[in-house]
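Please read through the structure below; I'll follow up with questions.
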C-alpha cells in the first residue's frame, strides 16, 4: 500500500443522537451502514489497490530477480548476427565462424534473413549508395536488437573517410552499441567485441 | 503388456485422483468428478502435456546433438559455452526467440501468417501420440497407427505453402512451391516403401510391426525399401541434400524468410520434430524399434525404461547418419530432385514391394531369424 | 623489347598511317607494350575495327579516362592473343563536352568500362547502348575523378578526449 | 623451361564411383580426426599467442604444423615510450590515415612543449608506417589486438595511455628498418636565410647549430652589415630527417637535397 | 506463375559481397539478369591521387580483400615503372612467393564460398581452416593477416624471418593433402557432378568477346596467363604449367582452380629453394628518399616538388587469382601519383553475366556466380 493515496475509508458516521446546537435545526442524519456493506465497500476500495500494488511489487521483483535475468541470459547467449558481408572485415567475420575460432561456441549463428536476427555486424565500408538499405535491414530486425561496428570503416570511415562516396561512420545511420577497432580486426577481436556486447546485455535493464 | 499405454497410464492417473477426491468429498455435490467425459478430457490433456514435454525436450536435445555432431564433422566444437557442453544453448535460443517482438509484414496475410506455423507445429506434435517409442508409449492400441502417422506427416506441405503464400515475399513463395512439389513427389515412394513393410508384417499397427522384428530387422530383407524410405524421409524433412525449399544460397531463408521471433521458433522446432519423427519411423519400421538384441543380458532388458533408452539410442544413431549426410553432400536442384523422386525412387519402391511379396511367398523370412546378432 | 616486337611495331605503324592518313597521329613507344597509338577521335570506330579485325587485337582489357585539366585523354588497352602483347590507343578530347564513339560495337566488353569512364571522368560515349550510372548512385551530379573535384579535407579529430 | 600444358579436361574426368561414397568417407575421416582434437582454439581461454601455440598449431589431422613465430612482427596497438620520444612529428607525417595527432604532454619546457602522438584507433589502419618512421624506436607496435569499446571516444589513445601499453611489456614488433643509405640532407638556400634561429630552436635532436657566417664583403658604396649573420649548419649524422626545420622556416630557404 | 523480378542483393547469401543481381524469372527459369554494382565504391582511385606512392599500398590491400598481396604487387609494379625504379632480385622472388601464397589463400577462400553456394556445409569450414594457415604464414613475415602493407616502391619492407622457409614447406605439404580431400568432397560426389556439369557454359569465342580473363577463360580452353605471356617479377625463372580445361562450365572452372592451387605450391617450392640459396637485400639501394624510403616522409606538398624527378607512366599487368588485372599509373613528377587506374578482372567477368546466367535456373545462380569468384571490393574499387 505504499504510496497509494486513493484508499478511501468511509467517513466516520456522526453519533446518532448528537446534541444539536441550540437554535439550529437538528441535522438530518444518515442511516447507519450495516457492517456487511462497509466491508464490501472496503473490499471494493482496498482489494484492487492492494492487488495492484502487490502485483506490481511481485512483477517488479520477478522482473528483477527472475524474468530479466533469464531473458538477458537467453538474449546474450544466442545472438544471431545478420549474414551480410560488406567489405574486408566480412572475410574476418567469416573466419570467426570458421573452424579455428568457431563463434558458434557462444551461440552466435549467422542468419540470412533480418527477421531472425538480433545483431547487425556492420563489417565494412558503408557507402551512401548502400546506406538506406542498411537502415532498412536494421528496421526489419525485430526488437531487441544490437549493432556492432566492426572495423574502422564502420566506425569512422577508415582510410576511405575522405572519399566522396563513403559514410564516415555507421553511427550516423544506426545506433551502435559496440565499436571494434582494427583494419580489419582479427577474428579474436570480433569475438572479444561480441563478448563485450554479451556483458552489456547481461547488465541491461530495459 | 501391450495393453498398458502411455494414455492408459495418464487415464489411470486421472481416474485415481478423481475417484480419490470423490471418495473423500460429499458424493451429493461432487458427482461430476467421475463423469467419464471429464475424465476423458483430463486424460487427453495430461497425455498431451506429457507428449509435448517429452517431444520438446527430445527435439531440443536433438538440435543440440546435431550442432555438436556437425561441429565435429566441420572440425570445430559447436556450442559449448552455454551450460555444460552447450546443453542449454537451445533453451537460450528458445527463450530469446520467445522474447523477441512479433510483427507481421505489411502485405502479409494475417490469418495465414499466424496460423501456418501453429498448425505446422500442432500436426508435428500430433504424430507423437501415434508413434510408440517403447512398449505402450502411445495413445492406445491403434490398428492403423502407421497409416495415420503418415497421413498426418503429409499435412506439412499444405501449411508450408500457406505460410509461404501469406508472407508476400518472393523468396518464400518460390520456397513454398518447391516444398510443395518436393513433398508431393516424395510421398509416393515413402508410402510404397511402407507398403513393402506392410506386406511383410501384414499389419498397420506399429507396435505389432516392432514386435514382429524381434527375430530380425525388416531393414535386412527390405533393404531396398529402407534405402527408399530414408531418401524419402530426407526429402520430407527438407534436409541436405534435399533442402531446396530452404536453400540458403539462392532463397534467403526459404519459406520462413519473413518469420522471426516465436513463429520462427515454431518452424524451427517443427522441422526438428519432423526430423525426430522421421528417425523414429526408420527405427520402428526397419531397425527393430525398441526390441533389444539377444546378447543384451536379461538383467539389463528387464530394467524399467530400458526399451525406451534402446529405442532412443537407435533413433539418435539414425539421426546421426542424417547429420553425416548433411555435412558431406551438396544439395541437388529442383528438377533433379523431382527426377530422382519420380524416376528413381518410385521404381525402386515398386521393386521393393515385389521383393517383399516374393519373400513372403517364398516363406524365407523365418530363416533370417536364425542369423546371429541381428535382432531379437 | 624484343626485335620481333619492334618489327611488328614498325609494321603496324606503317599500315595504320597508310590506312588513316589523317586520323592516325603516331605510335609512341611504351615500355612493356607494343606502344601507344595516338589517334583522332573522329576515326575512332574505324580504327577500332581495323585494330581488332586486321591486327587481331580482339581483347579489350581496359578503358581509362584521364583528366589533364585542359583536355581529357581516353585510353584503350587491347590485347592480342596472336601477338601476345598489349597495345594502347589514346585519344585526346577537348575539355568541354568530351565525347567519342563507343567501342561496344567492336568490343562488347567495353560496355561497363565506358559506363564507368562516363560517370567518373565525364567522357560521353556516343551511341552507347546503356549509358547510365554504374558505380555511383543514379543521378549523382559530380564526376569524382576530375581534377577539379576535391576530396573532403581530413577532418579534425571529432573526439577531443584525452584519456590519461 | 618446361612449359608443357597441364590440361585438366573435364570431359576426361571419370564420373565418381558409388555415387556419394567418397565424400561421405572423407567427412567421416575428418570426423574421426576432429573427435580427437578439433582445430578450434577456445578463444577467451586459449589464445593464439599462448606459448603452446607459438611452437606449433595442432590441426585436425593430428599433424603439428609449425606456424609459430607468427606473432613476432604483428602489428597491433602501439606502444609509446614517452621518455625517449623526441617529438619529431615523423609518425604524424607518415600516417596515411591522418589518425595521429601530436598533443602536448607534461615534461617539456614551456617554450618547447613536448608533443607526443595521440592515436585514434578508429582511424588507424595498422600499416606500421609510423613505427617504421620513428627514428628513436620509441613508437612500436605490439601484439595486442582487442579493441572493443562502447564509446567511440574510448578509441582515442592518448600518449599516456600508449605509454601504459608500453609499460605492460607486451611482445613488440622487433623489426627495425635500416635507414636508407643515401638519405637526402637538409640543404640551405643561403642567400635567402635571415638567421632567425627558428630551425635550430625547433630541431628535436638539436643537430642544427647556428654558426657565424662571415658575410661577403660589402660592395663598394655599401655600409658593412652591423649584425652578425648566423646560418644553420646541420649535423647529418644526428639528423633524423623529420623536416621540422623546413616547416618552421619562415623564408622557405631550407630544402631536401643531396650534398654536392 | 507470371514473370517477376527478384533482387538478389545487396544482402543476400549468394552475393558474397555488396552487389545486387536483379533477375527476371519465369518460375525457376532465368530470363534476364542485370548486375547492379557500386555499393562498395570507395573512391580508391581518387584517394590514391592524394597519397604518397607507398601509402597507396594501404588502399591496394583493401581493394581486393581476398587477394591484397596481388594488388599490392600490381600497383607497385606500375609505380616502379612510372618512377623508373628497379627492385633487387630477391625482392622479386619474395613478391612471386607472396603472390602465389595469395593465390592459394584466395582460391581456398573461393573454394569455401563456392561449396557453400551449392550447399556443402563442412568443406566451407575446411577451406577457412586451411586458409588460416596461409594467413599465419603471411602474418609471420608481413605482420598482418589480410592487409599486409608489405611492398614498397623499390622492394619489400623486410626480408623473410628465420625459420620461415621450413614452415612454408610444411604448410605446402599439408595443403597438398588437403587439396586431395577437397577433390574427394566435390568431384567424388555424384551430386556435385550432376549439379555443376554443363552449368554456366561460356565458350572460348564468347569469353574473348566479353573480355573475360582468368580461370574462367582458361576453363574454356584458351591458354592465356599473364604470368606466362608477359612474365613479371620472377615468373620467367620458375617452372609451372598453365591449367586449362575445355568444359567451359562450372566443373571446368573448379578443375582449373584446383590445378592452379597445385601449380602454386609448385612455384612456391621453387621460390623457397631460390630464396634459401640467395640471400641479399630486399630493398633497392640508391633510391631517392621520397620514393622508396621505408617510411613515407610526407612533407607539406611542395617542398619535394622543388626537385624535378623524372615523369613517367607505368602499365602493369599481373595474373591476379581472379584473372588479368591492370594498373595504369601516371607520374607527373609529384610525390603523389597523378592518376591511378585499376582494372579488375572481375569487373569484366561480371559485366558478361547475362551470357552465362540466362537460360539456367534460379538454383543455378549461386554455383555459377560462385564459380565466377566475385570479390566486390575490386569491382567497385
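Read from first to last, the chains carry the letters A, B, C, D and E; within each, the first residue is number 1.
Simple rule for what comes next: a contact is a pair of C-beta atoms (placed from the backbone, for glycine too) under 8 Å apart; a residue touches a chain by one contact, two chains touch by 3 or more.
The structure presented is a predicted model; accordingly, all values stated were derived computationally and were not measured.
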{"item": "Most contacted chain pair (by C-beta pair count)", "value": "D-E"}
{"item": "Innermost chain, where centres are averages of C-alpha coordinates", "value": "E"}
{"item": "Rounded Å distance, chain B centre to chain C centre (Cα mean)", "value": "64"}
{"item": "Approximate Å spacing (C-alpha centroids) for the pair chain B, chain D", "value": "61"}
{"item": "Approximate Å spacing (C-alpha centroids) for the pair chain A, chain E", "value": "45"}
{"item": "Rounded Å distance between chain B and chain E, as computed from the means of their C-alpha atoms", "value": "48"}
{"item": "Multi-partner residues of chain D (each touching 2 or more other chains)", "value": "20, 23, 26-27, 30, 38-40, 42, 60, 96-97, 120, 122, 125-126, 152, 155"}
{"item": "Residues of chain C touching at least two other chains", "value": "136-137, 144, 149, 151, 154, 158"}
{"item": "Of all residues in chain A, the ones touching two or more other chains", "value": "98-100, 102, 105, 112, 129, 156, 159, 161-165, 183, 186"}
{"item": "List of chain A residues in touch with chain D within their complex", "value": "99-102, 105, 152, 155-159, 161, 169, 171, 176-183, 185-186, 188-189, 191-193, 195-196, 200"}
{"item": "Touching residues on chain D, where the partner in the complex is chain A", "value": "38-44, 47-48, 60, 96-97, 120-126, 145-152, 155"}
{"item": "Residue numbers on chain E that touch chain B, as the complex places them", "value": "1, 4, 6, 8, 12-14, 28, 115-122, 124-126, 129, 185-186, 189, 191-192, 194-195, 361-366"}
{"item": "Interface residues, chain D side, partner chain B - complex", "value": "20, 23-24, 26-28, 30-31, 33-35, 38-40, 42, 60"}
{"item": "Chain B to chain E touching residues, read off their complex", "value": "70, 73-76, 170-171, 174, 177, 240-241, 243-244, 247-252, 326-336"}
